[in-house]
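The block underneath contains the structure these notes are about, expressed in structure tokens.
Letters A, B, C and D name the chains as they come in the text, with residue numbers starting at 1 for each one.
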Amino acid sequence: MKKVVVAATLAAALAVLATAAWGSTKGSTKVASQANASSALVKCGKTRSIGLLAPITGPAASLGQPQVHWAKFFVSNYNKTHRKKFKLVPEDTQLGAANGTAEAVKGAQALGSSASVLGVVGPAGSNEVKATTGALKGAGLGWVSGSATNTQITLDGTRTGFFFRTVPPDSSQSKSVTGYITGTLKLKRVYIIDDQEAYSTGLADEVQAQLQAKGVTVGRDGVSQQQSDFTSLINKIPRNTQLVYLPWQLPPKGKAFGQQMKSQGRAGVKLMGSDGLFDPLFSSLGNNVYDSFFPLNPADKRVAAFKASHKGTELFGAPSYVAAQVVAGAIDRACKNGTATRAEVRAQIKKTSIAASASLLGLKVAFDKHGDMVKKPFGIYHSVKGVFVRVA
Amino acid sequence: MSSLGGGQPGEGGLPAAAPEPVDAPDRVKVGVDEWVAEAEGRRAARSGLTGALVRVWERLPAPARLAILIGPFAIFPFITNEGNLYRYGLITIIYALLALGLNVVVGFAGLLDLGYVAFFGVGAYLYGIMASGHSGHHLQAEIAIPIVVISTALFGLLLGLTSWRLLGDYLAIVTLFFLQAFVIFVNNANGGLNDFSYPFVGKVDLTGGSNGLDQIDPLNFFGYHITTTKGYYFFTLISITLLMTMLYFVNGSRTGRAWRALREDPLAAEVMSVPVNRLKLLAFMFGAATAGFSGTIYGAVQSGAFPGDYDVGLLITIYAIVILGGLGSIGGVVIGALVVNGAPELLRSSSNARFLFYGVLLLALFIAMRPWYKPVVVLLGTIAFGFAVHGIASAVWSRGTAGHIEGGGQLGRALEHWVLLPRNTSSIAGWAYFALIVAALVLTLLRGWWRALALIPTLYLASFVWENKLVEQVSGATRLILLGGLLVVIMNVRPSGIFGTSRVEIA
Amino acid sequence: MAALLELRDVSKAFGGLQVIDHLNLHVDEGEIVSVIGPNGAGKTTVFNLITGIYHVDSGEIVFEGDKVSGLPPHAITNRGIARTFQTLRLFLNMTVLENVMAAEYGQTKATALEAMLQLPRARREEKRIRKVAEEKLAFFGQRLAGYRHDQPAYSLSYANRRRLEIARAMATNARLLLLDEPAAGMNPHETHEITELIGKLRDDADYSILVIEHDMHVVEGISDRVIALDHGVKIAEGLFDEVATHPLVIEAYLGVRAEAEAV
Amino acid sequence: MNWSLFFGELVSGLTLGSIYALIALGYTMVYGILKLLNFAHGDVYMVGAFVGFFVLKWLGGPLAPAVTGWLAVAIMFTVAMLACGALGVGIERFAYRPLRNAPRIAPLISALGVSIFLQNSALLLWGPQFRDYDTFDLVGVKSYHIGTNFFISNVQILTISVSIGLTILLALVISRTRTGKAMRATSFDRDAAEMMGISIDRVISFTFFLGSALAAAGGIMFGLVFGQIFSLMGFTAGLKGFTAAVVGGIGSIPGAVLGGFLIGLTEAFATGYLPGGSVYANLYVFALLIVMFLIRPTGLLGSPVIQKV
């Protein structure tokens, strides 16, 4: 039996090596090294490739799938009306999976060494943006995320000129949230619970700091995203708390929290979610539920078309549509003379200017010097009969 | 699972006239002197190409074996591009390096340390704290690496102390909690509101919390920066070659012997003049230092450290490498790392994955079944069975053949005429998956031609499940399913791992 | 002349059970002493106390004039006491030679670092202990000779495993060997061989020996002195004939006759 | 003293603890007989929760169950416990039995393999998303107040009492039935039991059946109390269950129950009272484990082991 197993494994190992070598020789002549990857000329041809980094599988697939759907929705719309076609090269980052950001980096490496890829949409998480920086920047690629909201990733200067995003940062969301809580609701005692993920803690920290600056009494706690048993945590929330702020990413968790609040006799406390919880599951909890969400032009006929072709609304993925739009536009402009380099595409992304009328977001899309959108307002929604209605 | 079903231990594998293979652990005739006398004969009995290869391998001097293992890796960078070098080459060697350290703790000394990858994380974070834009310090690597290695060794010493009192599974659970503690700690130690306030310095942003610690410097030796993947690749390759050589010497020395004695029987070792507690600590320190060193490289390569990277997922990967390579086998980790890291990378693209899947299935079939005509019969039978099923289905159940294989190439197009591809697959494929597991398990109970016969529908079922379900998530769930199944099968066929020497244990 | 090993008033209890009760015992230089007694008399416990696996509750154990009770087992072994086990405890998956060499840990000094870099001291020591190990194995003549050195220990027969355990104990550079039922499970021919071997160990290799044995032929054949234990109390001591006919000993054995015969 | 917080955490702790206790029972029984750390146990618990969910769906879902809510719950328990019992027996038969005489680490790794396999099969088949038990709609959650500070919901009462009931049932099975006695004999000394004519294979299968069925009950209880289940829920729960078994003294049935409640209460009170509680709750449990090992290496109710030489 030993020899069978040994032989099988040796064969498998050889197969892996051989296939790797074989698979790699195909692309190796085109992109020789990172040093000139940025300036390597690529013939644009009829079909241009856009890399797509998203959590296609894994724990956060519920966030990643909408992004893939929206990006694909853009590409198929574009291809219908243009002679030059775009193609998405998806790489799975498995956000939140057991191997952490390692998969995202591998995916970024794969995109970086794929000579035809000129720009990238994604990745989803702010920590993934950080982790893939080396690989993408090294390969000279510009990348545009539709959901990485951590304030620092544009401001710290590490990826200026390379990284852009089509979603407003935490600083903007926290400002809207704080403004609504202190200005409109006029609350004095707030409890914040983060879910221990990068997205959540960043937003929670900012909201907490701003609320405290305005004299609100803030309690703070965290709970692992993997956890569903909130009762011991709920017991701890002071009785006089007026609102619990949940900057979470998983709507079912928000729902579970709300239900457990009820079963613990705390039905009267207001709940406020973040863009990650903007979902019917969360709004169905009742009239004391609020949420913040990036502006989306609900009147846009593309939203309706998406709704029609996909069963759900999956609005969380909409900025990835815009991200794909940005990258595709940049490649188009860079390709005017038939060839383009990744550096040219980056420069064109920076110059992006999508008019409010053409933008899905209902506002003009252009980037400031850090890579953030120039306009970045956030909307506040209130659940009325189980549906979110914009109130601010 | 299905690909493994074909590789189940059968009565095949040896010509009918050959004696029973007696080296399978369950058949060792313990304590029979004739066993010794037969040893030469058994060695000669290994026939065919594999037998010859094994014989040659066993007779090679150690440097030659090392050269054969490392040689292909040294050539690899010259035939591939940066992205593939990173994914197939660099990550494989970093994992192998990491697994070498675990091999000392678990393979040599027999201490079940489930907190091991925490040291990998400690290495990456420590280096990040000493040299990154995040912390503002930029220490040279020639200073930082010794500091990392010594501090992780000390952490190893601390964790190792628990092994004085706890053994086996108890040690496993405490070390696993240690890993959890590490992950929770780095997830929160950002000087934020949940964070500890340290004595003297107060709240400090050590790890960047769940956002991770980014902008880690590239390794910088005396002003020379390693910036390219190739540079890191060779640095790691040289490190692992050196480490393997050193481990080889240690393994043959008094320390290595004492570790193995400790693994075999701690009490007897203690009574035979081995200071068991000290050696346990030494093993923990050695492992931790290796992990810390590889963590430093990983941190520099990733130019960041993120909490999720050092969690149970990596632990499972590294254990799989060590076990696949054979507990206690120094060279085995390289093969283990190649299979465990390489195979999933190949699975990333579904057309590669398809080739790999059917290739391994065929290979397993032909290696595991003898005489030669048996697998041929099974193969032909499966092909015929598939066309028959497809034919019947297209006549009576048109929905069942309505689906398409996306981007499958020639193989994919050919398969469309053979395998059923229902339009809405999710629930059918789910039940088929369930049926496949049952079928594969039943196969292990059958013998001879019955098994061959049962293989035909099972193989077809396997390709049905593959095309309709597994292929959707090749880089995610599928790869881990295969890994889990592989661990179970390997443990059942060869409890000491593929390249490990078979062992006996008498309780 | 001072005794090589001396147990002074040693007691040991597990829970409420007094296993060893104020035991006094000594082994002189060059002496073979047998410990007999029915099952549960505390014989193996005495060995465990001497080698430091158990700690004494009271009393002390002195070896070559130094107190050794309280030291960890490996330190006691390094002082010169080595043992075999009633239930064989070889390192089954290591080779025969490695089994013996492993027991020479206490006589070597090279650190792991020296071994890694193959510094001279490590190489020198390795050469030396390999030679010593081969010598110890050679003591058993053809039984453990030649190509068997590279076979894993689990491939040995039962009798050879007992021999290998003795070789392993010798390799610790011990002056006193504690043999726990060295003839258990052996056929009459092998038993005879082991009896001769124990004599040889003393005469040719200058070991002092404390042995637990149930086979009265062996005990009679080798012992300079016999000590009988029952319920942790020494009930008789002296020459084999004296002890074997001692009324308390007979009673102890008869009282648990069935068990004694079963062994 | 804030009594409402105290009683709140008490009830939460008991609820959590009763789930942990059910998981711990399976660990402790298997460990008692096979000395095997059954890593896959936590995933059996997860499968149990999912089977319960699918039964509920098959009955028409929480909003329109074909039978009344409480009957639906009873059916869920029965089906899931039987299915997971069978799953446990199957796992033992194919993944552990062939390794009964292998080195200790082999079955452990095999168990790890089964765990990875089950978890990812669930991920593949059922996806990463959360499934709602919608307990509110299913049985109508009610809270009962006693005085001003003490309140408990009907689901929490159900969980605690089912857990205690199952434990008593298990104790009866083990002490009264023939198979139960055989189990105890096997756990005491496998070889001797075999020589006495006990069919070890049957006893071990039975043990796995019982343990896995209890884990399934735990999984459903989790779904009922906390509202939702997901494919990765097994790992942490398994870890806690094992910790509970160890704290109580592995191999001891009352120990497992005691350990389960102790861990549950530690977690709840740590969350409620200690700094950074909900984040560091696992660390506090860890600290408890370490302290436990330092004081009594064999657990609260475990018998001290004398190393035989």
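In the analysis below, a contact is a pair of C-beta atoms (placed from the backbone, for glycine too) under 8 Å apart; a residue touches a chain by one contact, two chains touch by 3 or more.
It should be emphasised that the depicted structure is a prediction, and the values quoted were computed from it without experimental measurement.
Contact tally for A-D versus B-D: the pair with more C-beta pairs in contact is B-D. With centres taken as mean CA coordinates, the chain nearest to the overall protein centre is B.
Each chain gets a centre from the mean of its Cα atoms; the one farthest from the centre of chain A is C.
Here the CA centre of chain A is 37 Å from the CA centre of chain D.
Distance between chain centres (mean CA atoms), chain B to chain D: 30 Å. Chain C and chain D, compared by their mean Cα positions, are separated by 47 Å.
Per-chain Cα centroids separate chain A from chain C by 70 Å.
Shown for chain D are the residues that touch two or more other chains, namely 276, 279, 307, 309. Of all residues in chain B, those touching 2 or more other chains are 188, 194, 267, 312, 316, 473, 476-477, 503, 505, listed in ascending order. Across the assembly, chain A contributes residues 57-58, 196, 221-222 that each touch 2 or more other chains. Those residues of chain A lying in contact with chain B across their complex are 1-13, 15-17, 19-21, 23-25, 27-28, 31-35, 37, 56-58, 91-92, 94, 96-103, 105-106, 109-114, 126-127, 130-131, 133-135, 139, 150, 152, 156, 158, 196-198, 200-202, 205, 208, 220-222. Listing the residues of chain D that touch chain B in their complex gives 31, 37, 90, 94-95, 98-99, 101-110, 112-121, 123-125, 235, 239, 242-243, 246, 276, 279-280, 282-283, 285-286, 289-290, 293-294, 297, 307, 309. Residue ranges on chain B touching chain A, taken from their complex, read 7, 9, 13, 21, 23-24, 46, 48, 50-51, 53-54, 72, 76, 79-88, 91, 133, 187-188, 190, 192-194, 209-212, 214-215, 228-230, 301-304, 306-314, 316-317, 324, 335, 338-339, 342-343, 345-346, 348, 352, 355-356, 359-360, 363-364, 367-368, 472-473, 475-477, 490, 493-494, 498-499, 502. Residues 28, 30-33, 35-36, 39, 246-247, 249-250, 252-258, 260-261, 264-265, 267-277, 282, 286, 501, 503-506 of chain B are the ones that touch chain C when the two sit in their complex.
Across the complex, chain A is touched by residues 4-5, 8-9, 11-13, 15-16, 127-130, 132, 135-136, 141, 143, 145, 151, 153, 155, 222, 225-230, 232-233, 236, 267-269, 271-272, 276-279, 281 of chain D.
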